[in-house]
Amino acid sequence: MQNFLRLWHDSGIYHLDMGQGFMMLIGLGLLFLAIRKGFEPLLLVPIGFGCILANIPGAGLSMSAVENALYSGYPEVVAPLAQLLGEQADAGIKALTAAYQQSPAAVQADAYRLATDLGYANGMLYNFYSVAIGSGVAPLVIFMGVGAMTDFGPLLANPKTLFLGAAAQFGIFATVMGAVGLSVTGVIDFSIADAAAIGIIGGADGPTAIYVASVLAPELLGAIAVAAYSYMALVPMIQPPIMRLLTTKEERVIRMEQLRVVSRREKIVFPLILLVLVALILPSAAPLLGMFCFGNLMRECGVVERLSDTAQNALINITTIFLGLSVGSKLAADKFLDPKTLGILVLGIVAFGIGTAMGVLTAKFMNLFVRQKINPLIGSAGVSAVPMAARVSNKLGLEANPQNYLLMHAMGPNVAGVIGSAIAAGVMISIVSSLT
Amino acid sequence: MQNFLRLWHDSGIYHLDMGQGFMMLIGLGLLFLAIRKGFEPLLLVPIGFGCILANIPGAGLSMSAVENALYSGYPEVVAPLAQLLGEQADAGIKALTAAYQQSPAAVQADAYRLATDLGYANGMLYNFYSVAIGSGVAPLVIFMGVGAMTDFGPLLANPKTLFLGAAAQFGIFATVMGAVGLSVTGVIDFSIADAAAIGIIGGADGPTAIYVASVLAPELLGAIAVAAYSYMALVPMIQPPIMRLLTTKEERVIRMEQLRVVSRREKIVFPLILLVLVALILPSAAPLLGMFCFGNLMRECGVVERLSDTAQNALINITTIFLGLSVGSKLAADKFLDPKTLGILVLGIVAFGIGTAMGVLTAKFMNLFVRQKINPLIGSAGVSAVPMAARVSNKLGLEANPQNYLLMHAMGPNVAGVIGSAIAAGVMISIVSSLT
Amino acid sequence: MQNFLRLWHDSGIYHLDMGQGFMMLIGLGLLFLAIRKGFEPLLLVPIGFGCILANIPGAGLSMSAVENALYSGYPEVVAPLAQLLGEQADAGIKALTAAYQQSPAAVQADAYRLATDLGYANGMLYNFYSVAIGSGVAPLVIFMGVGAMTDFGPLLANPKTLFLGAAAQFGIFATVMGAVGLSVTGVIDFSIADAAAIGIIGGADGPTAIYVASVLAPELLGAIAVAAYSYMALVPMIQPPIMRLLTTKEERVIRMEQLRVVSRREKIVFPLILLVLVALILPSAAPLLGMFCFGNLMRECGVVERLSDTAQNALINITTIFLGLSVGSKLAADKFLDPKTLGILVLGIVAFGIGTAMGVLTAKFMNLFVRQKINPLIGSAGVSAVPMAARVSNKLGLEANPQNYLLMHAMGPNVAGVIGSAIAAGVMISIVSSLT
Amino acid sequence: MQETLLQQGTDLMIYGMGTVIVFLTLLVIATGVMSRVMLRYFPDPVAIEPKKERRPSAAGDQVEPRIQKVIEEAIRKHRNSHK
Amino acid sequence: MQETLLQQGTDLMIYGMGTVIVFLTLLVIATGVMSRVMLRYFPDPVAIEPKKERRPSAAGDQVEPRIQKVIEEAIRKHRNSHK
Amino acid sequence: MQETLLQQGTDLMIYGMGTVIVFLTLLVIATGVMSRVMLRYFPDPVAIEPKKERRPSAAGDQVEPRIQKVIEEAIRKHRNSHK
């Protein structure tokens, strides 16, 4: 009978609370968007599944051994841990987990050892998160793979489009101000680190967003990653109205002349130029852009094809699986169901809108000075969201004139946007760590 | 001369004892079975090779840094370690390693640091084991890959066959009772955790067996894994006599009508249904079945083909290599050459036999109630051992009637058996941890 | 304004010193050699890139969290760390990092925790190094892959060529004496461990060199790996003059009869024979040669093709990427710009020369006894540098007589050289650890 | 915790096997319901797709079977010989 | 550290956006210089190579386009059906 | 431990090179014995297999060499162009 009770106490229904049930529906919703609507499925399928796993009541898959021990509620387990953490045994689970998270690393290590001695272990997703994101490695490896898949040809043929990639990053910083505004007006309480991490959604670049959030605001990582990938998938719906609003029919029909052929050697040297610039000017962007340039150099140099192939296939796929599940682990109910999440979702879409607008307006502004006019529709591609945003530019160009193929022209600002957000990420990490 | 002595003291022959020599022969035997006889070579080649490596005298490849330091025998090394462990320096190697293994995690960490300061390091296989199995990740990744390779079509076309997969798990629990019986009658001393870990051999599912053994009885893991994979390979010899004994010729010629076509959407929704059921009813099975369902969803959803491909190829292959070597590391002489191993081997084959019999008998029992008769030969496939057991059912069906193709029908109970053993694994981990 | 200063203080130019700039040029030079000249690009592209990353001023990518904290220079950070390490806070960065590296493991762990509490983290490349090389796993995995790519057919057809592979290892030990000589004469101060690690360059085998250096002299690892791979790429320039000098035209035209066909079973049994010999005679070579034999057995046994494929492709490629970046991390200016590096480069090329000469001379010596004469040109292939050295033998053979194809004959000593260096590596690790 | 090993084993068997049966029975029911709902309300678009892995090809979808066989054979050989 | 959150946000925006613009401007300049230098002094050998991934083939480089199309289609099917 | 560095180096050379030679000599002997035993008592079944990687194909093993060449070329191009 005791065993039957044990099984019942262990069963999910016994533990299920509203929040977890709701989050499991969110997870199913993400899977629906990914599978049925094609929303960035490579990330949202693992994220959605990880979300469900993280909210399985009583399984503790996304919790550390210490949290699992604290959640057990057995006095003989909680009491020694509370003592170690310098709290009362009856302080409550919230106070105890908070105390654990704020403890010095040495105390955390002791608490972990005590929890394992008591028979508790880290949850599976917690381990995935620690290895993939906590260490910072997964976003970097993804960035290396993205670098190995990126062709800088269109950018090299027309380097001016880098300015469009710069302009679109204004979405990031405007959103930082928005988050600060919400906090100052008392709507939602964001720290400057939170604000910076939320702003990076405007970079429209998944691995960059995850990297910055993991450094500056790990507890918001789930919501930020979901917002970033969801809005990237929604680019075909978010951007066109803004683009139409800000351009005239005459501007949309501007034909751009065919891009010159770029030599292989230019393509080989470009990632090295970029790397050296990063090294000299913004070392805090070196991990992200360093791995990106490394991937691109492997692609272009032509002598390490097998490494480049692996970086683009097996390695990035393996990393994506664990990265997605790890992000999903941050969608546990107690972290996600928070007014902050709503704020993040609202600010995120504002960021995309502002970035798009700034890209288009900057293209129009540049047309005041350059001889060969730029079609401002390619400005919106500066937000990144590779290659979706470039395709949107192309589609609107064809709408205006069925002969007006903008895809290759839009790839320039598109990849420039990736560089731009990585730079913004480096600046924000550098400044915010000096402020806190 | 001193160097020559050193080399001689370092040489394997100097250290070789009977046990290690015998285990190296066992390793060669496993390789022979795998390569020449085709016994589950993907696992038994790495396991057999790992077994040889683990028993190289003096190399300590499967030992931790602390064990390597203790085995060195140098008083200046053993004394401080013994003091740290609270033992006499002359307590003997057995007592010291036992003291180390029973020490609290904090003492173990101190001992590890002291051993590294003294110049000792973890053996290569010990590291592989810690990362692959100690953390629990390798069996889960394999299960994800197996999920990505599994087609639930036949099961969905005829869900009743799930009962056959349930029935065959009786082999697991009967074996638990067998192990308990051996212990109660004083033949071999097994704890309840040992008994549960041995029982899982009856699940006829390699990664499940390794997962359960790593949680409940790590010191028996080597023997359990070898028994599980060997008997899976022996299914074509173990099952047919039992199947023939329990069925009449009339039953064996029962023709089953062709399975209906299963829609893609059913296949997509099924892993989610399974996941939600696990979440609500048996969270302790969530790691295993969660990863299994995740792999299957990646396979069926059709939008993450590159992830599914990687899960089925590069990732599962890499994991298999290290999993196999890690299992082999548990075949060190001092752990394997024990009466328990003999008990495990005997109980394991009994488990297979009982599972097979229960599957067949349950099929016959179901035929008392259902209109469309089931060929009881497919009942034996409920033990898992995918796809070997299903092929055995097919072969015996063809023997009875050359037109009687049972393969697809047997795939239903076959994959049901995988789910069933994972459920059994979850129950056992849940109950046993409450008992100890 | 404060932020602007912060950005300026964070910028690379502010921190750049001569050494780092010089090392970045070295990194670019390695990339040039790899991409333009085809110098072992699979390793030298990642190494060169890692070298640049490691020398980005202010980024600390190749430093541990503690080193990064110490380099920050903030008194509130340095003081508590210095106290922990038992040094004065104003002892200077050199003294503090030295104290950290010589501290017992327990103190290092405390210092690491303190540094993370103060907001510092391990650099990306430091983490890569710890996981890939510090643990010893990457060279072993590469060796497994190399084993899976190696065909022992030519060696089995003519086992005598193993002697050539043995003879060429004299380059290793002669170089050890050279390093000892430099030290004894006071030119450069090398310890016996340094000398052994430098000698292994003469093995002309990248992963072996990295493995030995990581065990015996981690601070020299960067220079040793660069020397090993560079000289392997230079084999077509280093070897021919020596080979021409030591052979007569008559010797160079010796025709060797076609190799017999080797049976599959011989190929399957050979790695097991080699493994057993290693186990009995030199367990300290077991990690390297064990993994090598395991890879080769997977290749030849014919029943685990998918594992063999993965070992030869995805797994070795992933490992190579991180191994290369990790080696590059050891090319930080403060470690590489040292007279020792110059010594290593000089001794390394001497090692190659002596190994080549000994191989050729031993072939000539063997011709005094054997009936079927050996073309001494294949002796030089005994240094390893697979398959470059064998191709050099072939080329010189064709030069002497356009019908004289030596490639397959040279593959025997070529792969024998791999075994020979791994044996030498085992001996050196075994003896040196007894001496220190 | 005071139970005998035999008692523990019996408990493990009864509750374990019971859970397996209950769980799989629920799964049979849930699967049946799901299949009926899916087939009734959410059938696969355009009848049942031939196979998810078959991506739509640009044009000229048909290849003469004999040629395809030849080609497949050639591909297999090619792969084997180039591994 | 005593600044208000608003001040911090403003600083972050100004210095952040400024750095992005300065960096990318420098990159435009450096890229332009690089391209001109490369095209002038280090042009690709043998005109511009068609595509790095196309390795030189041994012989008989030309395959009739129709056959190639058939074959490519067959390969795609072969792959899909053998996954 | 009291030896001079020179002594240590010499020891390392003598014992190291000695071990290499002894080991490889034993390997020569063991390999020779093994080969003779294998060829005598355990020869490969069905003469020597052409190549382990060549799996037996279902039927129609022969493809006309010219066609195979065309196809291999096409496959290489296909792969390169689809990477």
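By letter and in written order, the chains are A, B, C, D, E and F; residue numbering begins at 1 in each of them.
Definition applied: contacts are C-beta pairs under 8 Å (C-beta built on N, C-alpha and C of every residue); 3 or more make two chains touch, one makes a residue touch a chain.
Since this is a predicted model, take the numbers as computed values, not measurements.
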{"item": "Touch-network distance, chain B to chain E, counted in steps", "value": "2"}
{"item": "Maximum centroid distance from chain A, chain identifier (CA atoms)", "value": "F"}
{"item": "Chain whose Cα centroid lies at the greatest distance from that of chain D", "value": "C"}
{"item": "Mean-CA-position distance for chain E and chain C (Å)", "value": "33"}
{"item": "Separation of chain C from chain D, taking each centre as the mean of its C-alpha atoms, in whole Å", "value": "46"}
{"item": "Whole-Å gap separating chain B and chain C, where each centre is the average of the chain's CA atoms", "value": "38"}
{"item": "Between chain A and chain E, centroid-to-centroid distance (C-alpha), Å", "value": "22"}
{"item": "Where chain E touches two or more other chains at once, by residue number", "value": "11-12, 15, 19, 53, 71, 75, 83"}
{"item": "Of all residues in chain A, the ones touching two or more other chains", "value": "3, 7, 281-282, 302, 309, 313-314, 427, 431"}
{"item": "Chain C-facing residues of chain B, complex", "value": "3, 6-7, 10-13, 15-16, 24, 28, 31, 34-35, 38, 41-42, 45-46, 49, 52-53, 55-59, 61, 110, 112-114, 116-117, 119, 121, 124, 127, 313-314, 317-318, 320-321, 325"}
{"item": "Chain D partner contacts - residues on chain B that touch it in the complex", "value": "155-156, 159-160, 162-163, 165-166, 169-170, 172-174, 176-177, 179-180, 183-184, 191-192, 195-196, 261-266, 269-270, 273-274, 277, 281-282, 300, 302, 305, 416, 419-420, 423-424, 427-428, 431-432, 435"}
{"item": "Of chain A, residues touching chain C in the complex", "value": "104-106, 109, 135-137, 140, 144, 268, 272, 275-276, 278-284, 286-287, 290-291, 293-294, 297-298, 301-304, 306-307, 309-311, 313-315, 427, 430-431, 433-434"}
{"item": "Of chain D, residues touching chain B in the complex", "value": "1, 3-6, 8-13, 15-17, 19-28, 30-32, 34-35, 38-39, 42-44, 48-49, 52-53"}
